[in-house]
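Two complexes come next, and they have one chain in common, chain A, joined by chain B in the first and chain C in the second.
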Partner chain A sequence: MELLLLLLIIIPLLTAFLIPLIDIINKKARRILVLAASLAEFFTFLFLVINNWDNIADGTIFIIYKMGGWLPPLGIVLSLDMLSFYFSLLITISVMFLILYSIGYIGHHEGKYYVLIFLMWTAMQGVVLTGDIFNFYVFVELLLITSAALIGFRRNKKGTIASIKYMFYGVIGGLFIFIGIILLYSNLGTLNYAEISANFTTLPFNTQGIISILFLIGLFIKLGIFPFHFWVARAQSTAPSPISALLSGVVEKVYIYAFLRLFWVVFDFNYIQTTGLDKIIIFTAITSSIIGHILALQESDLKRMLAYSTIGHLGIIIAVLTVNTKLAIIAGLLHVLSHLLMKISLFTTAGYLLQFVPSHQIKDSRGVAQQNMFVFAGFIIAAAGMMGLPPMLGFFSKLYIVKSFLDNSYYLSALLTIAGSITALIYYARYIIYGFRKIKLNSPQEFRLILSVLYRERLVTNIALVFAVAVLITGLIYKNFFGPLESVANILYNPSIYIDFILGG
Partner chain B sequence: MLSLILTSMNFSSLNILMVSTGIIITLVSIISSRDYSYNNTYLFYLCNLIYILGFTMIILTENWIIFIIGWELVTVSTFLLLLWGSNKIARVYLIIQFIGSNFLLYVVLMIMNAGYNTIGPIDNFKLQLLLIIGVGVKSAIIGFHFWLPIVHSRAPAPASAILSGWVVKLGFIVLLKTVTTGNILLFYAGIAMVIYAGIQALLATDYKVLLAFSTISQLGFIAIGIGSGNQYAYWGSVLHIIVHGLAKTSLFLSSGYWVKSMKSRSIYQFKNGWFKDKTNSIITILGLAVLAGFPILAGYNSKHLIKYAAGDGWILKYVFHGLSIITYLYVLRFIKWGIFNLDKKGEKDLDEDRKVIGLNALSALILPIILVLLITLRSNIITGIDYTDYHLLHGFIISLIYILISVTVLKLSNWIYIKEKPVPSMDLLLIRIKNGYRWLNGRPKIERLEVDMENQIYNIAINFAKMVYNFLPKTIQSQLLFIPVVLLLLLLFYI
Partner chain C sequence: MIDFLEKWSFFGGSVLLILIGLYGVITRKNLIKIFIGLSLMDTGINVLLVSLGYVEGGIAPIITSTINNNSYNFVDPIPQALVLTSIVIGVAVLALGLGVIIKIYEKYNTLDISEIRGLRW
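Right after this comes the complex of A and B.
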């Protein structure tokens, strides 16, 4: 039973190493392996859910796996509580669909791609499931290296520059986290989350502050919050579309998980509140959000525009989580889900639609709606969610975010959230209007149809539509998310539950 | 979510009345829209269905959040309905309404924050004011009305019937539930709306513009009724919402047929209207009479009740007479130019281009008027006031005096024949603002814009965004410099 946690990490890791070996034997067998492994990971998770359904339903799920049988303070533990479960669920399902999308989009001739994407999957599951801070660092760096390689996957100049820039920022961010870990280890002598959490308040006040600030800056660099956002647009726009979706939709959420786990459970959030650091975080994040939206407005490249909009939404999520009331945390987690669905939907639909235009420039996308009306409708649904129109989930998350800002007298933050969604209307409408613009068919020179290079077009369009439909359906049942998300918030509010389970159990 | 919507609904008689009026208006416009040979007919019906769902949620619900959802649904569906006409107008409408509904979201959450968890009376004057400003954009309260003549006059007739007949009323229906004890600023805003929009309607040369301004003017009466806090005036507002909704629907639908048969929108080009189309003429006159508040028709009842808002002050009493006369002025002016601008020679060769309105259109035009007549007979059910209390004889005499004064004024001013003005648009609005600014600086006026307003505002936004983009560092060295700076700042201030 506990072994399932290990399997969630091992299956993609083994697949990644098996792919080159299988390539030697038979290249066609790799197709089956990729499909089988992603389904196996999904079914492992499904098995986990079915076995623990009662615990998940009342929010008390807690599974711990001790690596090599060593007890927690000494050995590495993998643990799954409601917080990890929520993020692991998002990662498993979205990455599985994105791998299926890649099969249609990239095709089967690129073995390296699948090696890297499975390693990324390993790293993401590892970050979410681990209970050890050094293990966390290892997985974060694995995530960095694999995603950097995937950003430069096209092996052209643009991709290489983006990849190197991403590496620069990622390594510096990782360095801050690493220094923080060294400080923690030299002061407390332990690397276990629960052990650190139990003893963190015994540290001198200044040491607490330095560690918090180092981790904060490290995570902000990795998230791309305002003064450190320069890598985001380049990285997310030059990567192939499924990787852009993965980076913007899922990888950023993994860092949000790290933000929540470290600052609420492992470190004392009271420290941040008593020193007034939370005001600074909210200010930075909201500034980042509005700057992201403004930068998206001036962008003429579709994928760069989507990447800047990611900065806008991540800022809001970080700000609302830092408000630190129950409703605010629920709203933030709801927006994590809605932004994940919407961004993946936007990038997957855009990835399909960009096949039919000469460049990524918005003004080149005239008449793209005629290519596939359904996929374009999917783009519109996701964009409407981004603007916050009902009945999409984006509306409800925006609503509760604004509500929780206002409940805690952050009036300006609420206004800027609303201003961001109005800006979003303008820049998404621009693309949609160009998309609907008619092309004169009597002058074929004017309209240069680029033949699709997709391998399985139906697969690509169907998966793009799956996410768009999910944006719509989750909006209709948004109330059902409140129960589970409240139990996630409970975990964050009571770190003692986590400590007791790891150290006592 | 469905259960949430259903449990928060309040089926009071007022709510049911409002919803059924809204549904009737929508059905009438759907019937009429068949004459406009729309393509994508089923999508059109779907949009109408979403629209009905939206306003039903707004009217019936007691939950603020469901109210906001309904409000956004109405915004989106009316935007989609406008797409059957002109894309540009639809875009302008969407952007303005989206900003308005987002501001309303902010206001509603502020109200919820103050402890008003359900839609009900709000005692706090400041919150009332915020709500009035919040619904202002959709309901065209003065100061936020600038888009209404532009959109309503350019939209296709069925869409403008829906917009003018019902969508603008939704904000007032919310105000009916929340501002129960009156709000003095709403009261004066109402008076300003009646006067300003009435004069604009009087000077309009385009029939649909006239109707659009008359909508703002009549909304002013509703605002006066709600703002006074007087019980009779309050019921008068309820009645006026329904009556004006039905009458305006009929008028806007008939305006579509007028424009079709006259091949022009200018009221001076409406020649021989009475000979050409007697049915349409009678319906238009009836609709306008309802707006003016001629006795026997329901418009008289509602305006009679709203007059109670004046209270005892003699000044306000005269002001109210003035407000009524303004309505009579523009109504009579249109009847003179639009219907009875007869030409004896023209009567002979009418037979060829005489238009016969189809059964659809006829039912669409007549149904609201019949309903107004029915309401006239049974308005005591809505207001709880006996029919004999309306002082009909007094009303007749007063109305005749109004008409006499109006006709005299109009006769003296040659029935206000002015040079034809262009149909209002966002561009004209911007030219006016720019000329005002240039006048302050002593520079000559401009006649037209080099780039139209939508693009101009868009360019300003884009240029601002580009400025922000250019302000940020470009080289990786300076970009990376932020990291140590932020680290040092945080360490300095928080350790």
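Right after this comes the complex of A and C.
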């Protein structure tokens, strides 16, 4: 039973190393292996859910796997509580669908692509499941290296630049985190989350502050929050579309998980509140949000526009989580889900639509609606969620975000959140209006300029539509998410549960 | 003076290495030199970490039949394990970075970041 946690990390890792071997034997078998491995990972997770259904339903799930049988403070543990479960669920499902999408989308250098994407999957599951702070650092760096390689996957001028830039920022962010880990180890003599959490308040006041700030800067660089947002647009726009979706939708959520896990469970959030650091975080995050939206407004390239909008939404999520009331945390977690679905949906549909236009520029997108009604409708649904229009999940999550800002008298933040939504309305509407413009068609094949890349059209469109439908359906049943998310918030508010489970079990 | 040096040379040296690396990253224009700076920062942090586990006159933390009681002067093994991992990560980052730099040179025929649009920040 506990072995399932290890399997969640091992299956993608093993697949990544099997793909080059399969390549030597038979290149056609590769796609079958990729499909089988992603389904295996999915069914492992499904098995985990079915076996622990009662515990998941009442939010008390707690599974711990001791690596090599060593007991927690000494050995490395993998652990799954409600918080890890929520993020692991999002990662498993969305990456599985994105790999299916890639099977239809990526037509060249497939072997290297799948090796990297499976290593990335390993790293993301690792960050979410680990219970050891150095393991966390190792997985974060694995995530950095693989995603930097995938950003430069196209090997063109823009791709190489984006990749090297992402690496600069990522490595420096990682070094900040590493210095923080060294300080933690030299002061507490332990690397286990639970033991750090139990002893963190005994540290001197200044040491607590330095460690918190180091981790905060490291995470902000990796998230692309305002003073460090320069890499985001370039990295997320030059990568192939499934990778853009992965970076913007899923990888950023992994860092949000790290933010939640470190600052609520491992470190003492009271410290941040008593020193007034939370005001600074909210201020930076909201500034980042509005800057992201403004940059998106002036952008003429579709994928860059989507990437800037990611900065905008991440800012809101970080700000609302830092408000630190129960409603605010639930709203933030709800927006994590809605932003993940919407962003993946936007990037997957955009990846398909961009095959039919001469360039990524918005003004070149005339006539895309004529030939691709369904996919374009999917784009509109996801964009409507981004703008915060009522039936989508984006509306409800933003509603609760604004409500929790207002309840805690952060009036300016609430105002800027709404202003961001209105800005989003303008820039998405601009693209949609261009898309609806009709142009003369001489032959049905006229749009297909660079279609050679895309050789499984139906698979790509179907996956893109799955995410769009998910945006719509989750919006209709949004009330059902409150129960599980409340138990996630309970984990964040009671670190002692986590400590007891790991050190006591 | 000697005592002071003994106590602080590891710490001061590693911080100095980190600062030299940081200076290189900030001021150099050549991409390879910037990566050398990053590598220096990495090395500095590794030295800092491994010096944490240093014990004066300590021995390797292996329990054998002859020495099993004097665990008080064992060297702390965890920083060494961490540093090994960290060195591997550093090598991976450096290798990928240099690979990408080769590609950049092929595309742009320069490594000067002020001549490549979009790399100044």
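Assume the second predicted complex is superposed on the first by the 490 of 505 C-alpha atoms of A that agree within 3 Å, B and C clash if a C-alpha of one lies under 4 Å from a C-alpha of the other, contacts with A are read in each partner's own complex, and residues count from 1 in each chain.
Heads up, the rule we're going with is that a contact is a pair of C-beta atoms (placed from the backbone, for glycine too) under 8 Å apart; a residue touches a chain by one contact, two chains touch by 3 or more.
These numbers come from a predicted model, not from an experiment.
A.B. asks: Tell me which partner A:141 touches in the superposition: chain B (first), chain C (second), both or neither.
C.D. replies: second
A.B. asks: Once the shared chain is lined up, is A:230 touching chain B (first), chain C (second), both, or neither of them?
C.D. replies: Both partners, chain B and chain C.
A.B. asks: Based on the superposed arrangement, let me know which partner A:280 touches: chain B (first), chain C (second), both, or neither?
C.D. replies: The first partner, chain B, only.
A.B. asks: Once the structures are superposed on A, label A:165 by its partner contacts, choosing first (chain B), second (chain C), both or neither.
C.D. replies: both
A.B. asks: Once the structures are superposed on A, label A:186 by its partner contacts, choosing first (chain B), second (chain C), both or neither.
C.D. replies: Once the two structures are laid over each other on A, A:186 reaches chain C alone.
A.B. asks: Looking at A:479, would you say it contacts chain B, chain C, both, or neither? Reply first, second, both or neither.
C.D. replies: Only chain B is touched by A:479; chain C is not.
A.B. asks: Pick one for A:155: touches chain B only (first), chain C only (second), both, or neither.
C.D. replies: second
A.B. asks: Give the label of whichever partner, chain B or chain C, reaches more residues of chain A.
C.D. replies: Larger number of chain A residues touched: B.
A.B. asks: Is there a shared patch on chain A that both chain B and chain C touch, and which residues make it up?
C.D. replies: 165, 168, 172, 230
A.B. asks: Can you check the complex and tell me which residues of chain C touch chain A?
C.D. replies: Where chain C meets chain A, its residues are 25, 31, 34, 38, 41-42, 45, 48-49, 52, 78-79, 82, 85-86, 89, 92-93, 96-97, 100-101, 103-104, 107-108, 116, 118-119, 121.
A.B. asks: Which residues of chain A touch chain C once you look at their complex with the stated criterion?
C.D. replies: Within the complex, chain A contacts chain C at residues 134, 138, 141, 144-145, 148-149, 152, 155-158, 160-161, 163-165, 167-168, 171-172, 175, 178-179, 182, 185-186, 191, 230, 234.
A.B. asks: If you look only at chain A, which of its residues touch chain B in the complex?
C.D. replies: 165, 168-169, 172, 176, 206, 209-210, 213, 216-217, 221, 227-228, 230, 275-277, 280, 291, 294-295, 297-298, 384, 387-391, 395, 399, 402-403, 406-407, 414-415, 418, 421-423, 425-426, 429, 433, 476-479
A.B. asks: Within their complex, state which residues of chain B touch chain A.
C.D. replies: My answer: residues 1, 4, 65, 68-69, 72-73, 76, 91, 94-95, 98-99, 102-103, 105-106, 109-110, 112-113, 458, 461-462, 464-466, 468-469, 472-473, 476, 479-480, 482-483, 485-487, 490-491, 494-495.
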